[in-house]
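Chains: A, B and C, in written order; residue numbering restarts at 1 for each.
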Amino acid sequence: MHFEKPVPVTTIAQMIGATLIGNKDGMVTGINEIHKVEPGDLAFVDHPKYYDTCIKSAASFIIINKAADVPEGKALLVVDDPFEAYLKIVQFYRPFIPSTKLISDTAAIGEGTVLMPGAFVGHHVSIGKNCLIHPHVTILDYCIIGDDVVIQAGTVIGSDAFYYNKKTNREIHYRKMTSCGRVVIGNAVEIGANCSIDRGVSADTIIGDGTKMDNLVHIGHDTVVGKNCLFAGQVGIAGATTIEDNVILWGQVGVSKTLTIGKDAVIYAQSGVKDSIPGGKVYFGSPVEDAREKMKEFVWIKRIPLLWEKVMGK
Amino acid sequence: MHFEKPVPVTTIAQMIGATLIGNKDGMVTGINEIHKVEPGDLAFVDHPKYYDTCIKSAASFIIINKAADVPEGKALLVVDDPFEAYLKIVQFYRPFIPSTKLISDTAAIGEGTVLMPGAFVGHHVSIGKNCLIHPHVTILDYCIIGDDVVIQAGTVIGSDAFYYNKKTNREIHYRKMTSCGRVVIGNAVEIGANCSIDRGVSADTIIGDGTKMDNLVHIGHDTVVGKNCLFAGQVGIAGATTIEDNVILWGQVGVSKTLTIGKDAVIYAQSGVKDSIPGGKVYFGSPVEDAREKMKEFVWIKRIPLLWEKVMGK
Amino acid sequence: MHFEKPVPVTTIAQMIGATLIGNKDGMVTGINEIHKVEPGDLAFVDHPKYYDTCIKSAASFIIINKAADVPEGKALLVVDDPFEAYLKIVQFYRPFIPSTKLISDTAAIGEGTVLMPGAFVGHHVSIGKNCLIHPHVTILDYCIIGDDVVIQAGTVIGSDAFYYNKKTNREIHYRKMTSCGRVVIGNAVEIGANCSIDRGVSADTIIGDGTKMDNLVHIGHDTVVGKNCLFAGQVGIAGATTIEDNVILWGQVGVSKTLTIGKDAVIYAQSGVKDSIPGGKVYFGSPVEDAREKMKEFVWIKRIPLLWEKVMGK
């Protein structure tokens, strides 16, 4: 999330009661989680294992629970509980004000766009021209929809990220990281019925122009989908993953988090993608392999009894 | 889709600016895609690979992008872009007029049927007697629901087919084939929460009497499901497939397109059906095999280390 | 389901026209199906195969279609069709009165709880304090929601159990067992978008404090989920299963019915759990095995060609 205008780091430090180390003159331009961080951003870290990664990331400002060396030009904001400090900042700069109307007065709806009965459009949503939003679609605050988009009935755009801070010493182990990112949907995208596309934790979940999805598809937070992709029914993609252009995922394919599927890849039905895979190829299996190799493997398995008989006797 | 009354082929030819070859006196009774075509129907073909199949199909009238020999009694309608011509005809004879009310005035609702708050019922929908339609169910235009049907909350009946015309020379590769088919649901059918059943592209998606589905089930366009079937949670069935009577699909089973599952077949959870399979048997695996054979295979795989030791030594 | 106050067994016998055998002075405290039965409960059995199990269960009163020996203190209620008798009792003591409003007047909503536009809250629902119920959520009759609960858009709480009485000699083979149980959700539970949680057939589906679910998750009837569990997107759990505390199910995991997953178990994505498994371990596969063993198996399979060459020659 970018702030509406840059905020002095001293203002942030004061808000969260932090001790400021390093560059006290910096201006914070936004807030981000570690996978999506950019220069000018504020990030947070609360575990020694990740101190170094976070301090050396693109983030200019780091909320941390222990003083440490800080690179030239950056600043550390030292507090007891960085996660709670982060939440406080998010909730101040992006407060959640639940809409009381089906269509918020602050939503911008383009010419020729049809909202069918029961469609919900939250605050500061922007929908382009000539879209068709079916009954009972939910488009939550701050999401951006392009032109010529079709969203079928019951689909939810901008649900919160499934992203928690875990501490097993609390009675409730998981504390939600408030999502302040958006979903940004390109032109000529079509989304089936009863899908869900989560917003970014602090950055954007992006669906590229011309991509089409069937029903009951799930897209996780911060995932970036390219142009002209096809996702069949019940496909599920976890968070912060990149799907390049023209990728085809057949029915019930599952894709894990923070990986990349290369351009023009095709994944057969029910496959599971757990690591990055190059484009231009056809894959199958859970976990996926080259589809032809996987098919051969099925044949090899059928030959075990013959092998057994030869070696062990009848 | 059947037209309300037969239309002279010359009228259609004029509408789409086609050169007419063959029988100029024919009456067109409807429009259909190739998997569902019947005599009297108009179909379209735009790739030389499928010219022959389409011309020799049951279709009486073929929109095509090249002149060709035409069988006795049939007619070709030659245009530059058959797909766009097809869309024009569909949109003329089945125009989409988005409803502005939750319950359309043109819907017919049978005696004793309860529509709970938030249920959407589109134009020309027919619902039989003694049905229970839960909150936030969406039943879209022209769908037909029998008697004694229960549809649980959030389910969508009549979402559009996931069916596109692909041309990679366009910036947006996929152009939607406008769905003009219906969903036709028999008597005593029960459908769980947050399911989606797509309408036929031009024919009907059919659910037979007494079939019961659990939650989050997806049924593709033009699929025909028999009587007294059971589909457990998160089952997904692709388009134009036939599921015969009494078939049981356990949780998360996936079924591919344009195939047939025979009567009384049982498919264990998480299996994937990629080709037609005979009825009366129990299946498991992705892709499915005879369940007992598949179970034995798991045992054989466990024996590889022993075989290895015998052949290769420790 | 517990009755509001105990009912003399003679009253029940009269209502269903049953011949009463055994203890005629008993008071019936509730009604339950066999998996969840407690002393004081009325249960039913209509197949000789299960007579003994049902009569010897915790149930104090058994509706049965044949006279039999009855243990001291219990009673049999003999009728021709126990299932229909059971339905009659359920429908008398828990009649379904469809709500005509989005928010029923009989719902109790705690302080600080926000119901967004389009949320449906049925009769006798209780929602705790400081909850956030997103647009188009459906919470059906009698469900209980704790404090600090978040339910995202389109989710359905309290859909009916997928539970049928089968008789193939009827034209419609399956007759629904009317669900009179509830869904009981603890504190600080968070549920994603477009999920579905079925109510118990006659007992409760329970979600423990602090458990978090991603989108499109399905939980079956009478399933009991512990505290601080994490279920990723598109997880599906069948009926009457027990998931103990801190269990993590990754995306698209399927869990079968009436089994137990032990505390602290972790199940990798797309796995299938068909039998009970002990806690404290990591699992993978369909059906699941110890994850490390399963990974080794993949390596063994890759070695078959080498083994073949050694034994059979090139």
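The rule is short, and it goes like this: a contact is a pair of C-beta atoms (placed from the backbone, for glycine too) under 8 Å apart; a residue touches a chain by one contact, two chains touch by 3 or more.
Keep in mind that this is a model prediction, so the values were computed, not measured.
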| item | value |
| --- | --- |
| Chain B on chain C, rotation in degrees - Cα superposition, rounded to nearest 5 | 120 |
| Residue-number overlap at the chain A/chain C interface, same or different (half cut) | different |
| Gap in Å, rounded to a whole number, between the CA centres of chain C and chain A | 32 |
| Multi-partner residues of chain A (each touching 2 or more other chains) | 118, 136, 154, 194, 216, 234, 252, 270, 286, 301, 304, 307, 311 |
| Complex contacts: residues of chain B adjacent to chain A | 98-102, 118, 120, 136, 138, 140, 154-156, 159-160, 162, 164, 171-174, 176, 194-196, 198, 216, 218, 220, 234, 236, 238, 252, 254, 256, 270, 272, 274, 286, 297, 300-301, 303-304, 307, 310-311 |
| Chain C-facing residues of chain B, complex | 114, 116-118, 132, 134-136, 150, 152-154, 187-188, 190, 192-194, 209-210, 212, 214-216, 228, 230, 232-234, 246, 251-252, 269-270, 286, 301-302, 304-305, 307-308, 311-312 |
